[in-house]
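Listed after this line are the structures, all set down as structure tokens.
In what follows, chain A forms one complex with chain B and a second complex with chain C.
After this line comes the complex of A and B, so read on.
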């Protein structure tokens, strides 16, 4: 056995597993996207690009794309802004409760996504806790619409991706050296300047990674836009669901899924190129 | 003489096979939840009692389109014998050869069905239930009981309406009914319906009720919702009348479920026996009495009080808009686009 072959042999089990779990289903999905859907909804075996032609000729596809990008950017930015102080605290604290606090920060991951969304329906609904408090305090007369719209989806999605963002930030805080911050403080820099000139730049790789992970997760999220959107929030994931399970147009659903996958791969490629440029 | 002997032998064989009891295991794929509970109690259990050697497994994956997905994925090796699904989805299954064609010669009970039941299934399995579109409401808040769809267009109910929008078929049916309410006909266009629904949109809380309109009313999240009659009647009884059910005077339309024998299923004899039983006058009447689906067998004799709570009752028949579901499937994308761009866009919250 040549030494050049050995790494490939060692990698073989993982490559086979990846092929079975990821490549084959995606290849099957691509194959379906080449079929034709008749007017009756019946799927006809074919090798045609009709579904893609219809997809790209429809203005609604571009609206869905813009909606998905806007929602994913809002949720991941919100998650980074809210998660950053929590992650920094968890990274810095020497409290004996640190492990417990870390578990609490990622606890939402232990609950089903659907259950979390139902929780938000109870909290943010027209008769929910928030509106009851606002009306009780005399701040508003009518319930403020916090669900069944874009605001509700943005809130739910931010909460949904925040644990992942916190974990990414904690992983990215490795380069954060307390002695550099102390040196800046010794030289007279006030805390806000230490944060802006030392802490933030050193933690930036973690911030970018956390934002990216939040963006990718939010971009492909289905449960939150579907359940909290009230039928008013149209993104790529909800449209794929409608095409597959309401309109029963599998070729169109598969074509849209391939398009969404290509968009995510483009985002990841842009991230890789950007980080390489920064590294050099 | 030899021909006569052969004919006698064939007749005996045929009679023998007809009398043979189906046995083994049979799988029925249909809706889960309260449909499963009630269907099991009044249709499946009596069938099992008549065929002691046969075990019926009920599998409820959820929606008709999910059932179609399973049938497609199991095309080469079906695991299901009988499927009950919405007529639009069943038409796809029939067209793709996933379910068998049925004839009265093989299944005499087909001749007992009302014409609409046979039309709904085309060459494949016929209608097994007739349900219809209704408006459900919170009877503790809406008095006197409304009779017109126009009750929804009332500023008092701002933020208290739940309307299932297309591509959900409730939204498609609502579009056709509103078009008729405005003096039009959906086959010639739905401009009038879309204009009227645009006026309704700002009052709507959700166009995608979660989990469903009935639950939203019981949890005091909304006051009115679009719904289907059978479930609405059941929830009416279970909620001691809190869920009110209105069959709008402007009209309604049937939602039709068909029953089909899965092509190349593992237990074809049992499947055919079960379909015959499910379509029989006795089973049809029992399911109407239990769950208020309209019977599809013309000889079925459900209790008058149960029949009165379905659109099959003679008093309501003239309110039923004869929707051609093949037309609706073709129009679905266009209506869906108009709802998104013109109706839902006018109902921002």
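After this line comes the complex of A and C, so read on.
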């Protein structure tokens, strides 16, 4: 066995497996999107752009795109706003509880997505925690609808991307030099000023990267929009699922999936370009 | 002070669903009512007696075990090549092998269904196990490449210099050193496969439904404290694995890049 061949022998099973569940499926998705749909599961083999023409002529596609973008932007912004203090705290603290607190901030990403949706139903439902508190305090008379609508989905998605955003922010804080902040404080700047003029600008690249990661993940999400949206929230992900498994219109589902993938790749390209610029 | 309050708000929001679902799981009421009128274990008993969900849990456990063994068997040699050997195209191979982590599982699931369907692999055990490699294999490669790259190379060199043949070096030196990382990534892989829902929704079909799929369909239809009890079981299970990984490898190191 020549040493030159050894790496490739070790890599071969992984490369075969990945082509089977990654390369081939994406290529096949593109191939199927060029077929012509005959409705209810039947399709004609072709190399045609019919499904794309139908897709782009439909106003619903643009509404879905706008919905997905708005929802992802809302959730990611929320996650950055709520996650930033946590990340900054974890970066600075010398508490002996730091490992535990770091795990608490990131562990939710290892918890089943469906279980977390159930958690939000408990908190946001008509008889849930929030509504019980609002009614108990006499602030509202009737439960505020917080699930089966856009608000519920935005809240659930914010929480589900937060651990990833916090990880990304923590990575970004790596370049934050404590001595600059201390110098500013010694020179008499009040804490809020140190934050606005030094901490925030220095951590801005990490914030942008964290936001983009949150945006991509929120846009890719399916379970939260479907289950917390109660069938009333329509985004690209839910429509791809419905076209594939409810209408069984594979060319249309494949075309919409290719379109969504192209949008995500654009955002990821921006992310990569930005990472390179920050690294230099 | 303000900063502390903001940190607290962040944690409260992030952990609220995981914490309050416990209160409802132990409720004696039939609905997700807050505050629960009384405490009882009736929903855990009901969950234990629910054949659909318990059957699905068993299927998921078997599937996740098979997927974990497969992903480790395929992923660890690849990670070893990437972490310990020098060859042209190493970076590119690593990016390619971890690329599926960037794609939405919804798109992957649909693509895999379209490839598997003509071969009769959809709604079968082998189909489901192979499909789960899409999310587990890149993960094993990433985490094991990190774990193996940080092992001291001089111990292997020393063993080789003293005359141990290459396979003996791997068996007697590399593997024991890599064991904590191996167990940690195995545990995380099991958890990822056990909790995987979107790809399974496409591949599982009606008769082979896994636990997350069965739970998804249950929540679509109705919500009662039974499903909260199931959520509690899953959360406790996840936390146990996270703590195991923390002891073996460091959880933040395992999930960070």
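Here, the second predicted complex is superposed on the first by the 245 of 280 C-alpha atoms of A that agree within 3 Å, B and C clash if a C-alpha of one lies under 4 Å from a C-alpha of the other, contacts with A are read in each partner's own complex, and residues count from 1 in each chain.
Definition applied: a residue touches a chain if its C-beta (ideal position, glycine included) is under 8 Å from a C-beta of that chain, and two chains touch if they have at least 3 such contacts.
Keep in mind it's a predicted model, so treat the numbers as computed, not measured.
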Practice item. Check chain A with both chain B and chain C modelled on it and let me know: fit or clash. Key: clash
Check your understanding: Which of the two partners, first being chain B and second being chain C, lies in contact with A:145: first, second, both, or neither?
Key -> first
Point to revise | Touching partner for A:127 - first (chain B), second (chain C), both, neither | key: both
**Study point:** Partner, of chain C and chain B, that touches more residues belonging to chain A
**Key:** C
Review point. A:60 contacts which: chain B (first), chain C (second), both, neither?
Key: first
**Study point:** Touched partner set for A:245, first chain B, second chain C, both or neither
**Key:** both
Review point. When the two structures are overlaid on chain A, which partner does A:215 contact: first (chain B), second (chain C), both, or neither?
Key: neither
**Study point:** Which of chain B and chain C A:107 touches, first, second, both or neither
**Key:** second
Exercise for review: Answer with first, second, both or neither: which of chain B and chain C does A:42 touch in the superposed model?
Suggested key: first
Review point. A:227 contacts which: chain B (first), chain C (second), both, neither?
Key: both
Point to revise | Clash-bearing segment of chain C relative to chain B, given 116-124, 152-160 or 170-178 | key: 116-124
Point to revise | Shared chain A contacts, counted only where both chain B and chain C touch the same residue | key: 121, 125, 127, 226-227, 244-245
Practice item. In the complex, go through chain B and note every residue touching chain A. Key: 63, 65-66, 68-69, 72, 88-89, 91-92, 95-96, 159, 165, 167-168, 205-208, 210, 220-221, 326, 329-330, 332-333, 336-337, 340, 344, 347-349
Review point. Which chain A residues qualify as touching chain B in the complex?
Key: 38-43, 60, 121, 125-127, 142-143, 145, 148-149, 226-227, 229-232, 234, 242, 244-248
Point to revise | Touch list for chain C against partner chain A, complex | key: 3, 6-7, 9-11, 13-18, 20-21, 23-24, 31-35, 73-75, 77-78, 80-82, 85, 87, 90, 93, 96-97, 99-100, 102-108, 110-115, 130-131, 133-134, 137-138, 141, 188, 191, 195, 197-198, 201-202, 212, 215-216, 219-220, 223, 227-228, 230-231, 234-235, 238-239, 241-243, 246, 251-252, 255-257
Check your understanding: In the complex of these two chains, what residues of chain A are touching chain C?
Key -> 4, 6-8, 10-11, 13-15, 17-18, 20-22, 24-26, 28-29, 32, 82-83, 85-86, 88-89, 99, 101-123, 125, 127-129, 131-132, 158-159, 162-163, 167, 170-171, 216, 219-223, 226-227, 237, 240-241, 244-245, 250, 253-254, 257, 260-261, 264, 268
